[in-house]
Every structure is written in C-alpha cells, then in structure tokens.
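Down below are the structures I want you to see.
In what comes next, chain A is part of two complexes: it sits with chain B in the first one and with chain C in the second one.
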Partner chain A sequence: MKKIFALLLFVGILFSATVNSAPSKPMKGYVASLNDMVTGGTGKIDKAKATELAEKGNPIVFVTGKGKSAKIYFVYNEDGTFAGKNLAKFAANEFIGIVGKVKKVNGLNILIAEKIESMD
Partner chain B sequence: MKFLKFRALFLMLTSFSFFFYSCGETTSTADNPVIESIDPTSGTPGTVVTIKGSLFGDYNESTSKVYFNGELATNIVVDGNQIQWFDDEIKVKVPARATTGNVVVEANGLLSNGFPFTVPTVAPVTDLMATSKDDKSVLLKWTASADADITGYGIFIYPLNGTAPEDPIQIAKGVTTYLATGLTEGTVYNFDVHALKGNILSPKSTVKWSPASRFIYNINDAEIKVYETKSNLGSGLQLFDATGGAPKTLKIASHTEWDLGLFISGTNIWFGSASKMKTHYPTSFTGAAKPCQMATNKYFFNSLEELFDSQALDSQTFSDSEVDLSTLTEGKNVIFIVRTNSPTWNYAKVMVLYKGGKYLQGTADDRYIEVQVSYQKTAGVPYAL
Partner chain C sequence: MMKRNVALIFFVAFLFFISKQNIKIMKKNVLIISLLVVSGMLFFACGETKKDSAKSETEQQVSKEERQVGSSGNTENVQPDKTFLAEAPEAVEPEIKDYTKVALRCQIILLDDAAMGKFRKLTKPMALDLVQQGKMLVVRAENGAIFFVYNKDKTFGGDNLARFAANDYIGILGKTKYEYGLNIIFAEYIESSD
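This part shows the complex of A and B:
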C-alpha cells in the first residue's frame, strides 16, 4: 500500500512538473504585436510602436520558434498583471529570454515571467 | 667731354628719381593711422577713452576699429547722432574683456602704432574643469580667485569656432560651479571663466568641452548588466546601439558587435576590449573583434558626477586592454575611458559599480557587473562625461 502511495506521489509530482514547468534556462523568442500577426504580418515592431500599442492596451506577446512550430505566449508578471508594457521595452531586441512558468489556460499559452533579458 | 658730363648728370637724376619713388612705395606707414595720445591711459571696462592722433579717416562700421590688447572695442561713443570718430580723434569705451596691453586703431585695413593702456588686474580662477552632465548640459567647476575682494564670476560660453557673447553670465561670489544648459551634443564649446571685480574682468581661464549622452539604463530600460561566462545572458557590451538608442548587452553569438566584454575565471574578473575577450573565448569568438581601446588611466569615484576633466580625452594613452576587477582595492566605482569605432573614434566613459563591497553582483551562474556609460555620439569629438 505504501509502495502504491509512493508511486502515485511520484507520478503526481512528475505530472505537476510537466504541466507547470519552471525552466531554469530562459525560453528564447522575440516580442511581437498580436494585432500585426493576426493581420498576416510577422509581428515584429520597433520599441516606440510596441510601447504605444501597449499603452493603448493592445496585446504585446512573446513568440518562440518559427513557421508552423511558432508558439505565441501571453506573458504575465508574477503579481498577475499583464506584462505587455514590460515586453514592449524589449521590442528592439532580435531575441529575448524569459525565465518563468508556463501554463495552458483554455488553450492559451501563458508564461508567468520571473525575469526577462536580452538574448542578442 | 660735354657728352660725358651730361650723361653723369642724367644718371644722377635718374637715381634720385628712383630713390624718391621707392620711398613712396615702401613707407606705407605714411598712410597708416597714428595714435599720439590716449586719455586716460588706464581704466576699467566701460571707461570712455579719448584717442588723439591722425589719419583715423571717416567712420565706417566695417573698417573702423579700435582694439584693446587685441580685444575689439564695439562701443564707439555716440554724442547725439554723432559717432565720435573723426580723422584726428576717437572716443571709445573700454570693452568688457579688455586686459592690459596696447591700444591699436584700424582704419581701412591699416593699423596704427600701439599705445599702452592699463586695465586694473584681478586674479584669475584656477583649475577650471568640465564634465558632461547629459546630452544638453556641461557642469563646470573651478578654484576661486585669489583676490578676496572680487564681486563674482563671469562666464562666456560659445562654440569652438564661434564668437564670444558680449556679456558674460554672472555668477555670485562664493559659487565655484556652474551648470551650462541648452547645449548641443557633439558641438565643442569654449567655456571662458573670469573673476569679476565690479566691471573689471580677470584674465580668462578656458576649458573646451561638449555635452555627451549618459546612460544608466540599456535599450530595455533596465540597468546595464554584463553577465558572467556561464550565464545564458550576454557577456559583451555594445556601448551604444543606434537602433535602441542606448547601450546593449550582447551574447557571444553577437561577439563581432562587442565593444567590451566580461570573462570570469576562478576569482578573476576580466573586463576589457573585445580583442582581449577573443583570447578568453577562443572557440566561440571566431569573428574579428571590433576595435575598442581603453585608456591606461582609471579613476575611482562614488559617482560619474565627481569626475571632471580639463583636457580632451584624446590626450590619454589608449590600447586594447583589460583589467582584472578583482585586483582593485580602492573600494569605489571604477571609471574607464574608452574609445570605439576606429578610425574616427567615439569616446566614452564606462563606470563599473561597486556595490555591497564588490564589483561582481548576483548569484551563480548569473553573476554580473553593472555599468553606467557616458557616450559621445558624434565621432571625432573627444569629450564624454
């Protein structure tokens, strides 16, 4: 019985780690305008434009991968606020790295950012 | 015989004629203005001086001039509607920046003899130095005049190839700093500082300087950090990224854009030219290192505000070099003078912050140094900070 409990506990921890992964290494990607991507663009914008969009409440997102394997993440700060304005500061970078926790909420990729840094 | 006498007479007359003609050509001083007297022969700026002599000619705004020891007197006295400039007499006010020396009259491009004139002296300021506060302002400081009875200080600010304004900026006695604002980055200015005793100016102390951009944040509006070798983040620093408009930290993959880099080995913290970093990262630093040189001198201060200069930065000795920060024992922020973008060079000062008793901050494997940068965006202008 104890062995079964221990096994279940191990599987539970393993499952939890898979769902709420906390990578120690940063996820590499770039800052993009969701509006621009939806209308067929690459999403790449300069810092001034990104800041302007973020100020108006337009979604600034984090994109990893390329082409069909590209993934779009909505980035949140650890206090639960949307990190669009913070992301906008990194729009001039070719690549940035985000250390944080990934979640999936109703099909949306959510990234709770602990740290955002340049990866150029 | 008669023919010979006539020939000798002819030669004599010809020689005399040539002599007199030559005198007329070479003694051009005959047409130059002449000063015969000056009254008074000493005085402070603003004093009306009467110059008597000859050949001063009619007054012409562009060709009639009086100099006091080389300083143009712009105030010819006007009495009613009559400018007091006559062929034999001129009345003029001693200019604000006049110093003891000769008075000279210029008329139609011809200069007079010099006539001595004394301006009472005031001991000048010493140790005048400048620092760039930001891209629009320069901070000056100096040591007070040795004269105890000065009334204040006067500062003239003008571009290197421009002319000084007529009136100085007045500074109160006891104040020995001045923040010059509204300047343009990349323009080199003369800053002439005089001690004042009433309307008497001391000889000037001069420093040339230019405003320069100062950065405490990188292109991402965050502190400028350069990370250790083991980190996933950048170990290189680009002093100014034109796209982002600020310094930028770069990873090894972008090593060809590094100006400076960081390499940590054991307890050693090597910080220096990209070319030096190339030797520390032999397998990954495969491209050509960007030329970036550091001056031999380094400075230890609590803030960038404290470092002033009196000479252009190109007077320093530069080379590709690096410094082991772990060997510095001064216990303060260290400032390096750097230049990049050969051959015209952009000059900068880079300050590595000393926090909590150390230069290396953070935790393994993301330890970093934090820097602040003063960068002159105009190439070839050796003034920053």
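This part shows the complex of A and C:
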C-alpha cells in the first residue's frame, strides 16, 4: 500500500513538472521603426538605421500582423528598461520571436521580453 | 508534446524497473502502471482544458479590471499580465478631435512610466537628461489618452517636448491620427498651458 502511495506521489510530481516546464510559444513578428510606420511606411529598417534611431531615442517597436491589422508592441526588458536597442540588433532578421509577457497599459501594448530570437 | 511523451516513456520504464524488484506482485504492478498511465493521460487532457478555460477567464477579467495608479489618483485602465496565447484586446478607437485650431492640453511624461502605468512629474533638467539617455517622452491628454508627438518634419518630437517639461501642462496644435491603436499628433505649435 505504501508503495502505491509513493508511486502516486511520484506520478504527481513528474506530471506537474512536465506541465509547468512546457515552454511558452514565441510571438512572431518583426522589428520596425515607429517613425516610419506613422508616416505611412511598413516600418522595416536595416540594422544600422535601427541602431542609430534607438541610440537617439526614437521608438523601435515589435510588429505582429500585416497592413492595417498590424499590432505594435513596445518591448521592455525584464528589468523594466526599454528594449529598443536590443530589438535593433535583430532588425536585419525578417522575423523574430519573442518569449515573454504581454499586457495592455493606457492603450499601449507592452511586451516584457524574456527571450528574443531570430525566426528566419 | 514530444518532451511529455519522452517523460511518459521514461516513467513507464522506471515503473517496470521497480516492479522487477518484486516479481511476485508483477501482475499487480502492471495493473497499477496501466491505471497510472491512463490517469496521467487524463491529467494532461484536463490540464489543456484548464488552460483554455483560464485563458477565457483572463480575457474577461482583462476587460473588466481597473485599478488606481499614479500620484494624481486618476483611474487608469491597466490590464494584468498574460501570456502570448491570450492576445491583448484591440484598443478602443478614441473620438478623433481636431487639434489644429484648439490645442491638445496635456502633460509631458516618460513612455517608460506610461508603459508601467505610473506617472511622475518631470522637471526640465530631468527631461533633458532622460532624452539624452535615449528615453522617449510622450504626452498624456486630460482624458488619459497617450499621444506620440511628431515634429512638422515627421521626426520624433521627444527632444522638442523636453524643452517644455518645466510646465505642468502644455498645449499642442497639430493634426492627429489614430493608427495601429496609437494616438499620433504632428505638432505644428507647442506652448505652455499652465
């Protein structure tokens, strides 16, 4: 009987561990310049331009979707700092994936990035 | 899913290993193992369903939840964290007003503060310093809407705003547009509105 209980306990621990360790699905999108988007462009920029804009305090954002249905996310690092400079490093990639958390504050889509990776 | 299956296989192998230790109750153990495997599978199925229902509950909660933020005690619509699987709902399109003749009365704030749902009063030196550090300034209208300010030449207007940060309120004249869920104003004229 004790053996059965021990087995049941082991099963519980094992399964809860596997369920909790399931990785979050990354959000797929691309790096864009908000300046370009608000003036009618797609927002796509090269890495050098993105880095330059980010250094000067221009908004570098993460975009999902296409055209008018595109959604803009302001990406922040886990320490609460704006991740524009970090995003700029991935501007050369056609698509990137971000793992993290999304929240909406004052109408702004905020993405707290845990991991940013290329999805090309 | 693959990882789970591998874990399951290892688990079953482990149980068989244990059962070998006591060959006399082998049959009984096989029965227990089968039951445990089935219960494990059910557990997975329930877990997935639970996740789905939790997601819809979160979405409902998101639309309802409001909390007090900022020193001014204004009620801001702050939505709780959620995973990517639960997409953030679309922002409600605000009433578009013409600010080419009547100025948009607003406060200068840091985008980082707006993103965190906190607002602090900026001083001019502080604002200039923050801009130099590459931080972005935006404005917050009296109704709580956040506007991204652009100059006439369509460059980002954060630097320009920093010069007015000593004012409690500023007025901005210019064309506005609402795009991608964001309020944009192309400032033609900025003045103090204290």
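Keep in mind that, in the parts below, the second predicted complex is superposed on the first by the 97 of 120 C-alpha atoms of A that agree within 3 Å, B and C clash if a C-alpha of one lies under 4 Å from a C-alpha of the other, contacts with A are read in each partner's own complex, and residues count from 1 in each chain.
Everything that follows uses one rule, which is that a residue touches a chain if its C-beta (ideal position, glycine included) is under 8 Å from a C-beta of that chain, and two chains touch if they have at least 3 such contacts.
Keep in mind the model is a prediction, meaning the values are calculated, not measured.
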Partner chain(s) touched by A:D120 [first = chain B, second = chain C, both, neither]: first
Partner, of chain C and chain B, that touches more residues belonging to chain A: C
Partner chain(s) touched by A:K47 [first = chain B, second = chain C, both, neither]: first
Which of chain B and chain C A:A70 touches, first, second, both or neither: second
First (chain B), second (chain C), both or neither touched by A:F90: first
Partner chain in contact with A:M27 - chain B first, chain C second, else both or neither: second
First (chain B), second (chain C), both or neither touched by A:G107: second
On chain A, the residue positions that both chain B and chain C contact, one per complex: 25-26
Chain B partner contacts - residues on chain A that touch it in the complex: 25-26, 46-47, 89-90, 92-93, 97, 116-120
Chain A-touching residues of chain C, taken from the complex the two chains share: 3-4, 7, 11, 15, 18, 32, 36, 39-40, 43-44, 47, 62, 76-89, 91-92, 111-112, 114-117, 131, 133-136, 140, 144-146, 148, 150, 154-156, 158-159, 177, 179-184
Chain C contact footprint on chain A (complex, rising order): 4, 7-8, 11, 14-15, 18-19, 21-22, 24-27, 34-35, 37-39, 54-59, 70-72, 74, 76, 80-82, 84-85, 99-110, 112
In the complex with chain A, residue positions of chain B that touch it: 218-222, 232-234, 241, 243-244, 248-251, 254
